[in-house]
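In the two complexes that follow, subunit A is the common piece, with subunit B as its partner first and subunit C second.
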Partner chain A sequence: MSPGLVDRDGETHVRVIQGLVLSKRRFAGLLLGVVFLFAVPDLVRVAQALDISFFQLGVIHRGLVFGFAAVGLNLLLRHTELVSFGHAAFFGTGAYTAAVTAVYLDVTSLLILLLLATAIGTVMAGIIGALSLRHTGLYFALLTLAFGQLLYAIALGQSALGGSDGMPVRPGEANEPLLLGQSLGDAYGIILYYITAIIVLVGLLVMWRIVNSPFRYALDAIGQDRTRAEFIGLPVRRYVWVAFVISGVYGGVAGGLFAVFRQYVTPAGTLYFLQSGDILYMAILGGFKTLLGPLVGGVLLVVLEFVGRSVTPYFEFLTGAVLVILVFGFPEGIVGSIGEDGVFRRALARGKRGAADLRENPSVAGDWARRIGGGLRRQIDESLTTLRVIVFGVS
Partner chain B sequence: MLEARNLRKSFGQLTATDDVSLEFGREAGELVFIVGPNGAGKTTLVNLLTGYLSPDEGSVVMDDQDITDMSPDERVHAGLARSFQVVRVFEDMTVRENVRTVVLARQKKTRSMFSLADRHEEVEATVQDLLEKFRLEDVADAVAEELPHGDRKLLDVAMSFGLDPNYLLLDEPTSGVSTREKEYVIETIVEVSKAEGVTTVTIEHDMDIVTEYADRLIALHQGAVHGEGTPQMLETDDELRSLLLGVEA
Partner chain C sequence: MASGLETFIVQTLNGLQFGFVLFLVASGLTVILGILDVLNLAHGELFAFGAYVSVGVFGYITGAIAIPAGGGIVTNVVFVLAILAAIVVTGLVLVPVGVIFESVFIRPIYERDQVYQLVLTFALLLIILDVTKFIWGDVPIRTDSVYSGINQIPTSEFLGINFPTYNVFAILLGAVVVGGLFYFFERTKTGRIIRATAINREMATAIGVSTDRVFTLVFALGAFLAGIAGAVRVPPTAATLDMGTNPLVLSFVVIVIGGLGSLRGAFVGAVAVGVLRSWMITFYPPGEVAAPFAIMAVILLVKPEGLFGTWGETA
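== the complex of A and B ==
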C-alpha cells in the first residue's frame, strides 16, 4: 500500500508507509521533527547570532549518536525488560574498530570504517550476549557491566590502542576519512552530520518495523513472563540473544559514527561503564516505552551536560537531580509524558473534569485532599519500584 | 499416546513422584482427570511430563518418541501444551494480543522481524476463532491484568488451546473460580477438547466435575498411582473416598 490519505473512524489520517498511519497532528509533528533534524546545521548559525551557546552542531551530533545507541538498548529494556549496563562495550568496540582500521590498515573510506565498526560491534554483542544471557535480572546486569569493564581495561592497558590517551581516527596521510574517495575538507563536520541524520532516520524506521513485528510479540511475552513464554513454544534465550545482537548493531553503528565524527577515541569516552549508564539514562529520560524517547533523551542529556558544565563544575549534580525528578514525577520520560496517554494529557483532562465538578459541587474538595494523600503514597511506591528496576534490574 | 514410563522425582528426602507409569490419550479427545489429596504429586507429574522438571529416573514418550530430554518449547511444537495452577497470561497485553502471541509462536511466525504482526491473515483468523470459542470477544481489547478471575482462567486455557496441541495438561483450571463460572470454564474446555480431538489431562479437586466429565480417572497418593478407572471408582473405592473426601472407609 502506497503512502497517502486514508479514512479512519471518519477522520482523515496519513499513511506514511504500510502499517504506519498517523493522525494529521502526529504526521505534522513527525514532519516537523524530520525538517528540524536536517535544518540543525542552518539553525546553528541562527543560534550563534542569538548567542545560544548550547545549540552547536557538535553537541546535537553527539546527542544523536548516543541517542541512537539508546534506541538500540531500548529494544532490550522496553520489551525483554532486561537492564544492560554494558552497552558502552558495543559502542566502544565500534569506535575502536574504526580507529584501528583507519590507523593500522590505512582504510580511508568513511563508509568502510562505519561498516566495519558495525560488524565488529555486532560480533562483540553476539559474544557478550551469549555469555551474559545465561542469567537474568541483577546477575545479567552485572555480567554486562563486567564484560564492558573488561574491554575498557584492555583498551586502557594496550599501548597499541594508545592506553588512557586513546587514539586518533586519521587514516594514513589523509587528515580525515574520505567519502567516495573525496576529501570533504571544511564540509566534513556538516556532511557527517547529514550522514548521521540519514542513518538515524533509517535506524528508527527499521526499529519501528521490528517493534511492530511478530518478533516483538515474542520479546514482550518473554519480558512479561519468561516461563510462560517458554511454554508457548518460544526458545527464550535464542530470542533474547537476537534482540541483544540487534541492540549491539545500533551500538556498533553509533560507536563508528562517534569515532569518525570526533576523529579521536579514548577508553573513558567510549568504553567506560559511565557511558553505559548515560545510554541507559538517555532511554529513561526520553521515555523507554516509546520509539523516539531514547533519541530525544540522548540529545537532551548531552545538551544538559553541556549547559551544566558551563554553569557549575558539579554538573553531575544537575543530571542527578533531573534523574530524581524524572523518576518521581515523570517515570514515563519526556516523550512518554507528552504522548496521548502521557501524564500531561491525563493531568489536563483531570483538571478540566475537576473544574466542572467543583463548579457543580464545591464540597468535592475534601474528597480530593484524601485522594491526593492516597495517590501520593501510591506514587512513591511506584517510583521506588522503578528505581529498583533501574538500579538492580529487578522489580 | 502420551506415556509416563517409570517416572521418579525426589526433592531431598521427599519423593514427589514414585515410579509412575501412565498412558494418556488411548483415543483422541480423551478427558483424563487426575485426582489426589494435597501433596499427592499431581503437579509434579504434570511438570515432569511437560519439561518444567527433569525426572531423576524414567522417561516421557509421546507418539512413540522419547521426549524426556526435549525442552518445554520443543515439546510445544511436538504437540504438548499446558496451563499453570496460578494463571499465567501476559499481563500487560490485551486478550487479543495474548492469543495472537500464542498463535504466532506456535506457527513460528515470531521469527519474522519485518512483517507487521497484525497483518498475518491466517493467524488473525485463528485468533478470532479462539476468542469466539472461549467467548472472549467482548473483552478482546481489555488488558489481561484487568480481567475478572474467571475470564483470566478462560484466557489461560484459550492460550493453551491456541497452541494447537494433541495433548493438553491443565493444572486446576477451575481453582479460584466461582461455582457459576466453574461450570462455564469446564464445559468450554470439554466442548473444545471433544470438537478438536485434543487429549486433555486435567488436575481437579471438584469431585462433582470429575464425576460428570471424566472419561477416565487417575488417582495419585504419596507420589504413586493409587488407581485408575472410570469416575465410578470414586463411589466404589472406599480408600480413595477416604483420601479425597476425608470420609471414613
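== the complex of A and C ==
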C-alpha cells in the first residue's frame, strides 16, 4: 500500500502511509502544519524584520517541548479518563537525568543525553505508575501530585543537584552537547529546533498509531467502565500501567529536550507542581479530545505566557482567568472547537439558520428578544434565590 | 532531666502543633473531597490567604490593646482572648470566599468530567495567588508582636522545659477545634445531615435535604478551617506567597494515610506526619521531606484504602 490518491465514498482521499488516509482538506492542513513546523526558523527572521517580538525561536521551541509532554499526558486523559497531576515528575526526571549525566559523567553526545533522559523518565513513570494506579479518579490525581512534589522536594534539598539554583547542562570543551561528535557552535539552537521538530513529528505519528490500535479501544473501555472491562477479560491494571508508562516516555523525552535546549535545569522550572498544572492546562487549552490539541495548546500557552509576562506582573491571574473562561465556554479546547461539530461551527450554523428565518419572516426577531429576556429574568431569579438561601437560610 | 529527653519532648510538641495546623487544612480538604467529590487544589491558597488576612487583623488588635510585658493576669487573659478573636475573625473572612467558590464556580460543573473540576480549582489557585500578591505584595510579612507578646506569659517554665508559650496556645486551640469538629459531625443535626449526604446523596435529597446548601456549607466550613490554620501558623513564621503549597501537598499525604473523607483518619494522619516531620528535622534532617511520603508509600502498599476507610457512618 504505497502513498498516493485513493477513492473513498466517491471522494478523493490522500493516503500518507498505510492506514493514514485523509480527506483532501485535512491533508492540506497536515502539509501546511509540517511545512510551518520546519519553516519556523526562517519565519522568525521575517518576524524580526517586522518587529514582532513574541515570535521567537526560543518561545516556539519551548512551546513544542512542553506541548510534546502534554501529548503524552493526553493518552491517559483522553482514553482512560485518568487525570495525572504529576506529569512534571517525568519531565523533570528527564531534564535532571540529562543534566546529571552531562555534569557528573561528562557525557557530551546530544543523542545519548536524550536517550538516557528518556530511559530514566520511563523508569520513573513505571515506579510512580505502579504506586498511583492502585487508585482511580481524584485519588489518582492527588497521588501523582504528591509523588511529583516529592521529587521536587528531593531536587530542592540535594546540594549535588544544585538545590533551588538548579544545574547547568554544558558538558565538554565546547560548553554544549555535541551532535555526532561535532560542535554546532552558533547553529546549535536552530539545529536543535529541527531535531525537536523531527522528534515531535515521530512522536505524533507513534501516538497516532497507538490511538488507532486495539489497545486504544481497550483503554476507552477501561475509561468508561472498569468493572465491565475486567469482566470481558481485559487486563485492566496492566493496560492502564502501560498507558501511564507510554505517557511517561513522552514526558521523559520532552524533559531531555528541555534540558539540552535551555542548557540549564531548575526544580521550579521542571519539577514544580505548577508545571504539572501547566501541562494539563495545555491539553485542555488545545482540546484533549484531539490528537494535535495538546501540542497546539502547548505552543499557544507558552506564547501567551511570553506576551503576558511582558505586559503584567500578575500573569498567573491572566492564565487563571483564561482557564475559567475555557472551562465554562470552550470545554472542547481550541482544536476541538474548530472541528466539524465544535462550538464555532455550531454557532455559525445557528447564525445561518437564524438569518434565513429572519429573511422569511421578520417577526421572529421579536420572539428571540422575548426568549432572551425570559432567560435572563430566570437567571436573575435563580441567583437571587441562591443568595437568599445563603444569607437567610431559606428562600 | 536529660537534655536529650527534653529535646525529644519539645520536638514532639512542635510536631503536634504543626500536626494540628495540618489537620485544619486536611480536614477541610478531606470533607470537601468526601462529600462534593471535588479535589480542591486551591485549598492551600485559601490557607495562605487566611495567613495574610490574619496579619492585618492581628495588627489591628495588637494596636488596640496592651501587650503583656511580664505581669498582670488581666492583661495576659485579655491579650489571649483578643488573639483568639482575631483568629476566629480571620476564619470568618474566609467564609464568603468559600461560599462564592462553591456557588459561583464549582456548582455549574458538578456533572462534567472530573478533569474540568480539577482544572477549575487550579485556575482558582492561580487567581488567588495573584490576588494575594496584588494586595500584599511579593515580600514576606510577619506579626512579631503577637508571637513575642504571648511568649511573655509563662507556662512551660513551670515544668522546667523551655518551650514557647505560643506553641502551647496553638496546641490547646488546635485540640479545642478538633474536639469541636468531632462534636459537630457526631452530635449536631447539621453535622449528621452532612454525613448523611456523604453516605448517599440521592437518599438525602429524597428525605428533603438540599444538597446545594450542604455543599455550600461544607465549602464554607473548609474555607473557615483553612483560614484559622493560616492565622495560627503565621505568628511564629511569616506570611509568604508560596506558603500554601506545602500544607496542600502534605494534606494529600494525610488523606492517603487516613483514608478518603475520613475525619478521624485525617486527624491520626496529620498528627503522625507533623510529629514525624519534627523528629526528622532534629535527628535526621535529610529525611524531613521524604518521611511523610515514605509513610504514604507504605500505607499504599499495605492498606490502599487508608487507615480508616471511607467516611460517613462514623466521623
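As a convention for this text, the second predicted complex is superposed on the first by the 358 of 395 C-alpha atoms of A that agree within 3 Å, B and C clash if a C-alpha of one lies under 4 Å from a C-alpha of the other, contacts with A are read in each partner's own complex, and residues count from 1 in each chain.
Here, contacts are C-beta pairs under 8 Å (C-beta built on N, C-alpha and C of every residue); 3 or more make two chains touch, one makes a residue touch a chain.
Please read all numbers here as calculations on a predicted model, not as lab measurements.
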Partner chain in contact with A:Arg228 - subunit B first, subunit C second, else both or neither
first
Comparing subunit B and subunit C in the superposed model, the one touching more of subunit A is C
For A:Val324, using the defined touch cut-off, is the partner it touches subunit B, subunit C, both, or neither? Pick first, second, both or neither.
second
Report task. Using the touch definition from the top, say if A:Val202 reaches subunit B (first), subunit C (second), both or neither. Result -> neither
Touch check for A:Pro214: first (subunit B), second (subunit C), both, or neither?
first
- Message: Quick check for you: in the superposed arrangement, does A:Gln149 touch first (subunit B), second (subunit C), both or neither?
- Response: second
**Message:** Just to be sure I read the superposition right, which of the two partners does A:Leu32 touch: subunit B = first, subunit C = second, or both, or neither?
**Reply:** neither
Output check: A:Tyr314 vs subunit B and subunit C. Expected answer is one of first, second, both, neither. What do you get? second
In the complex, subunit C touches subunit A at residues 33, 37-39, 41, 99, 103, 105, 108-109, 112-116, 118-120, 122-127, 129-131, 133-134, 210, 212-213, 216, 245, 249, 252-253, 255-256, 260, 286, 289-290, 293, 296-297, 300-301, 304
In the complex, the residues of subunit A that touch subunit C are 77, 81, 83, 85, 131, 134-135, 137-139, 141-143, 145-147, 149-150, 153-154, 156-157, 273, 277, 280-281, 284, 288, 313-317, 319-321, 323-324, 326-328, 331, 386, 389-390
Residue positions on subunit A within touch of subunit B in the complex are 18-19, 209-210, 212-218, 220-221, 224-225, 227-236, 239
In the complex, subunit B touches subunit A at residues 50, 52, 71-73, 76-77, 81-82, 84, 88-93, 97, 100-102, 104-106, 108-117, 119-120, 159, 163
